[in-house]
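You will see two complexes here that share subunit A, one where it goes with subunit B and one where it goes with subunit C.
Entry: the complex of A and B
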């Protein structure tokens, strides 16, 4: 029965391979339309260079053509990828589209390709060969899926900046995904050539590229079976229409278009989203509330310098976001960074974590010079961070988020997974275990399988911390971790931070909840207008008139006053003692301090 | 692991299920069909009880849709006439290959496998013919190409025939006639180099010009999707040629001719098969006057078959037929001739009978199949005069 439909089934396999070449980059969030060009180059080179099947036999001829084709495809992708990998979204699509068009025009004007009339090719490919190739490609992407490499690509797709901060070398990963796409497209080009008997440059044009993209997106670009499903669907539509007797003509493409629209509308994740995604639950013995993180990194002895910055400045078009900051953080410290909005806290942290190069000044973090070192190297040195606006990998589960966080702490497993080496399994299990410990530590163990985007705001903040912990950091940088938390959650967070410090981590955190900062930190740095206004122990800061003064002009005046006053023990009487420093924000409770709405010169003068 | 194998199994099942419902229930009819396909009597008296199954694979949508639709009209007109005639009736399935070689291949597979037919007409494009015809050759189903002009199509095998003259057959006559008429010595050649048909037309032009000893001052190329030729035409004019020779599809031919006259080229424009379309006069109007077109079909021919065809076509569709419609019309009539000759629509008999076609009066003129299974009939050189094609005398 199968043989009767062998042509159609062969085309399903071929179209699936082509769709996989789009999947290879879509999985990393890249929109490329150059695959038709890779396939074209590969097909023409392979047919020209490979031996004649009549002379050496079908299979050896095809195999050598496949080797040539995949090599040409990969090489073309590498050459195109090097200058274009920094392009994003539609810009990459346009650049690669231009490449495809250039390839088409060049091949049209070459003698050896037969120009517009194309190159005749003997038919060698059979149904079995096409499916063997398709299954091998699918296998590749299946094994890639839950490897460290596969997760890194997914992380890049979800949030490139966060992926970079997790220590993922985004450029290299994107390029390798692109080269994979080139090789797979090359495989498709060769197989197609040896099946349809004649290759013409025009058959690898814009339409072909769009068709491949549509097949991949329709099938779903987050699950390895997507391209196969998409290809089955797309290839079958004409067959089904013929079978049900829809008359040939415009009505058919119209119906195909309509069907495509319906599928995309109702299944935006593609056909593969119908297949439930597996949620691996981490197995961790016991329900220890403070499990060991299982880190292996040797933290520097307490008191040793972790961060040292001198004259650090950042200027954005004449605006001095950070100006001449000297900062020293020692191992084991919990340093709070406070200051009004726009004081330059996040900019300072971005510089220290390597995301933003300083305009002037020097800084060394864990022995790594800042400004010249790529982010993933800074991360590798032991710096891990969360973001002010949570930058989770939204479509990945909480567990997967944490697994990505452990990118640097885990070993690469993809190639070993391809051949089922037991060591890969062990490494994956170790990574899972570490991730599970991190989730337990922040109290999110039960939500391991939940998509990050489906978590509550407070849980998202905690997940970010778990993800940062998974990297086994020495210096943990938290950018407003308590934002959006209620006071119970903030209290738990404060306890968590102190416990982490007790484990030997050094922590730098930005927080507007001054009460929490005062109770959590061993030292506080106050920034204002990009400059260090004050630094000292919580008691010193709470009593520092300059700090109180600076906060008066800012929106968070109430926050600071209430918090600072409370923590300094100047809580006014008559409140029944119920006021928690964390929630102590109402001006009426600010006691002797001026109400925060009385801003301006008068208020400043009074204090 | 369990989950994984389940998903794989599910996917496989989905694909197979789709395959099953996609292909319908066409299989198994091959034997039965072949048995009832021989009849009694010969020629006009031939009677075959069962309708003769035929298929046409045309490009009804996609890039080549304009040709495919003309062909569909020609075929449907001929089919209606033949089925009215009686004795032998035809069950013609016209299918769309979407100008996609994968569809042509799939359709040829279908018509030689699941839904077997006595003969396949088409496909529209030569590329598709090179890709799909081998399937019919392997299955022993005759193919009649009605618009394939590329070299080598019939070399695929002894089941592959065509009634379309190649550019190589038409163009030398065109150049010879034009040289005689205008005393050509020096020409500019323009062609779209990204289309198989126009490129092979160019090769034929180049060879013919060389044979006739006409100097090619310049060869200019463009894309089949171009619509603005002014820069190229200015360049052509600067070469001061005796004529401009163009190998282009009708979509490019119309703006090219119009703009040529606008930039002041008033020497003759000589076109290939692609120009042989009434759209040229309809859309280029005055500018088309004096365009010389080498063609496989002489639309102005006064042979009775052609006159009858022109009237019937006009009555049915309200427009003038083009060469694609004429060749399609002639193609089905030729198939009928071949079926009636042996009073059999069995593949082998039909193959034999097609090869034996000699001197059949058709809209294309007196038609024969030569020893290479190619068409042999008079080509014609036409010139546009007063908005119509006239034979260049």
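Entry: the complex of A and C
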């Protein structure tokens, strides 16, 4: 029985290994088709370099070939990856495809590969060996799944920019995923060579690459069992068809195509999505209404400078989004940043968090110079943020989102997980506990297992805050956290922000809900046309005639949005006036917070 | 000179094929991997029309154009529209179009078997011309003329008509286009239809040029088409034209001076160099995705 199907089962294992080489990069959201090229290079070099099985025995010969092949595959991926890792989506796919084709044609024209005749290889691989290798590869990706490294890759797949802001070094992670793919593809190439007895460069062409990709996507690229399932499915279809007596040459490829179509249309996550994902949330002792976040970072003593910016400017094609802003934020402050749409608030915040380099001026945030430091280093220094338009990792659960947020606060666990070190387990539990505390703190504990995309809008805003808190920040930057919240929710948010400040965090937040800003902040900065219009305590701002005239004028109580909708919002083009910014008045402007046309020349917020 | 003219003739077929490819990519941001199978199907259909129905190879062209358009509608409806709201629509569309392509090729195999097919003898006019010492067949002239006419018509369509305006609006921002009253689904369907119709004509012209149709002909041109749209600039129509002609010329001269076995390395070497040095392609505008 088993012998009868031995060939088929061996191919299931081999195809699964090849599919894992696609899975390795799909997990990080990269589409590469170069794996056939890696496999080809690996197979031909391993067969040429490894000792003859007749001389040293089957297993030692195969092992040395595997070592050579995986090294060659990984090296080829590194060499190809260094210049191509900045390419995205389809561009990366085509570049790597071009590489694969170039490898095929070059090998076809070499003496040592036997050209079109190929190289004869002794058959060494058995059913058991193929499955051992497949299981080892699957094990690797299983242990990777819920390690810090694995979660970082998933985060990059879901939202690269947000992942960067969580302190993940996206370039290095993408490259390491690519090199892993190269090594796994190399393993496949060698095993295939030592199984099919003859390899020709044509075995590793475009068709092979597409097969591998299809297998991985069909099985599911978000769960480690996916490639195995996909490979089983793909390999078994022809067998099942033969068993039920379908022989005509065209029906088989037709039905395979049809099944593939059905799976992709009706099972978005591939076959693996049929397997439920577990979500564990550790119980917290007692019902602490305001759990300690368990942070370990030493915040600078109150009053010490956290942010200092001088002459900070950002220009987009001649439009001054932010112009000559001087800003100083001290430890323990809660600073509100207000101003009309297009005033440059988000641009300013993007510069301070390292996402956008300034065109002029200098700023230091927590001792890190802005503009030259990559985002993940700024985050590492203790800056954490939320985004104006929520940038959650949509297909991850709330808890997983927060776990990614804790990337820098947690220790890497993947390699220790591979060998089941108890310390890795302890670290994972600590990370989970911290994430659970952050969720508790914002009131989302019971939604831990919900997908981020399934949360209500207000919950998504809160989840963003929890995710930012997980990084154990000193400076927390919130970009319109109360947008879309009702009065009760906004009040709860205000209380949360004040309690975080009481814990020693410094908070900078952009908000249109002026009532909330006045109640929450210790100091307010008003921005208009990219310049600082006024700065002071809530009382001073509320009483400042320039601010009232330019900005708060129409406001009665908290009825901000009603006023905005009624206003005709005619804003003059940025006149770049040289008048004293505090006393300057702009007579023609209807005083609104939220003019319906945000098409002013400075409406170039980056998020 | 002879090589130059041969290169132009094969290059204009590549260009026509690639323009169909890049049209869908440029406007809808999707790579339709069923495009090469339309190329193959139309070649077989063209031969069938000439052989069974008795059309001349020239009257078969508009019929094939329509058949291609219909196939495009089917591909859009089955492989792309159901996936449009999925977060991984890129990957999913890629895979579903691969699935459709496999099914189309399987149907071809069912109808025609695995063998190479040719036009019936006597389908081609024997007229030749002498151009500065090189021999040009009427077939080559027509291939270039048809390709140029279709590209001019497409340019007019995209830049001057209401449908073209809808296409450009969707390329810029699908959501905004929908809000502003563009019927996104209909424009999308038209885009696929036109794209596939161009691919279909390219397929039948290719079959005329070499007088063969094979099941694998789509796969063979697929990579070249991808290379052309990258070299020319993703989504750029003039870029695809120039890229196609360049590739045709490069191939012909590579065979002449380097040897036929190295022909493909030149195409992919060029592709690779472009991707590294100028990822937006020769004529592509750098599309900045706002963060």
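Assume the second predicted complex is superposed on the first by the 551 of 607 C-alpha atoms of A that agree within 3 Å, B and C clash if a C-alpha of one lies under 4 Å from a C-alpha of the other, contacts with A are read in each partner's own complex, and residues count from 1 in each chain.
Please note the rule applied: contacts are C-beta pairs under 8 Å (C-beta built on N, C-alpha and C of every residue); 3 or more make two chains touch, one makes a residue touch a chain.
Computed from a prediction, not measured in an experiment: that's the story for all the values here.
Trainee: Counting only touches as set out at the top, which of subunit B and subunit C does A:297 meet: first, second, both, neither?
Mentor: After superposition on chain A, A:297 lies in contact with neither partner.
Trainee: In the superposed arrangement, which partner chain does A:109 touch: subunit B (first), subunit C (second), both, or neither?
Mentor: A:109 sits against subunit B and subunit C alike.
Trainee: Contact-wise, after the overlay, does A:487 reach subunit B, subunit C, both or neither (first, second, both, neither)?
Mentor: Neither partner.
Trainee: So, A:498: does it touch subunit B (first), subunit C (second), both, or neither?
Mentor: After superposition on chain A, A:498 lies in contact with neither partner.
Trainee: Does subunit B (first) or subunit C (second) touch A:229, or do both, or does neither?
Mentor: Touch status of A:229: first partner only.
Trainee: Is A:320 touching the first partner subunit B, the second partner subunit C, both, or neither of them?
Mentor: neither
Trainee: Does the superposition put A:258 against subunit B (first), subunit C (second), both, or neither?
Mentor: The second partner, subunit C, only.
Trainee: For A:9, select first, second, both or neither according to whether it touches subunit B, subunit C, the two together, or no partner.
Mentor: A:9 contacts subunit B only, not subunit C.
Trainee: What is the contact status of A:90 with respect to subunit B (first) and subunit C (second): first, second, both, or neither?
Mentor: A:90 sits against subunit C, while subunit B stays out of touch.
Trainee: Quick check on my understanding: which residues of subunit A belong to both its subunit B contact set and its subunit C contact set?
Mentor: Dual-contact residues (subunit A): 105, 108-109, 248-250, 252-253.
Trainee: Quick check on the complex: what are the subunit B residues that touch subunit A?
Mentor: Those in contact with subunit A are residues 3-4, 7-8, 10-11, 14-15, 18-24, 27, 58, 60-61, 94-96, 98, 101-103, 105-106, 109-110, 113-114, 126-127, 130-131, 134, 150, 193-196, 198-200.
Trainee: Could you pull out which subunit A residues touch subunit B in their complex?
Mentor: Touching subunit B: residues 1-2, 4-9, 11-12, 104-105, 108-109, 115-118, 120, 123, 142, 196-198, 200-203, 225, 228-229, 232-233, 236, 238-240, 242-243, 248-250, 252-253, 275, 278 of subunit A.
Trainee: Tell me, which parts of subunit A touch subunit C in their complex?
Mentor: It comes out as residues 26, 31, 83-84, 86-87, 89-91, 93-95, 97-99, 101-102, 105-106, 108-109, 161, 206-207, 210, 213-214, 217-218, 221, 248-254, 256-258, 260-261, 264-265, 268, 355, 394-395, 606-607.
Trainee: Under the definition above, what is the set of subunit C residues touching subunit A in their complex?
Mentor: Against subunit A, subunit C makes touches at 25, 31, 78-79, 82-83, 86-88, 90-92, 94-96, 98-103, 105-107, 109-110, 114, 219, 222-223, 226-227, 230, 234, 261-262, 264-265, 268-269, 271-272, 275-276, 279, 290-291.
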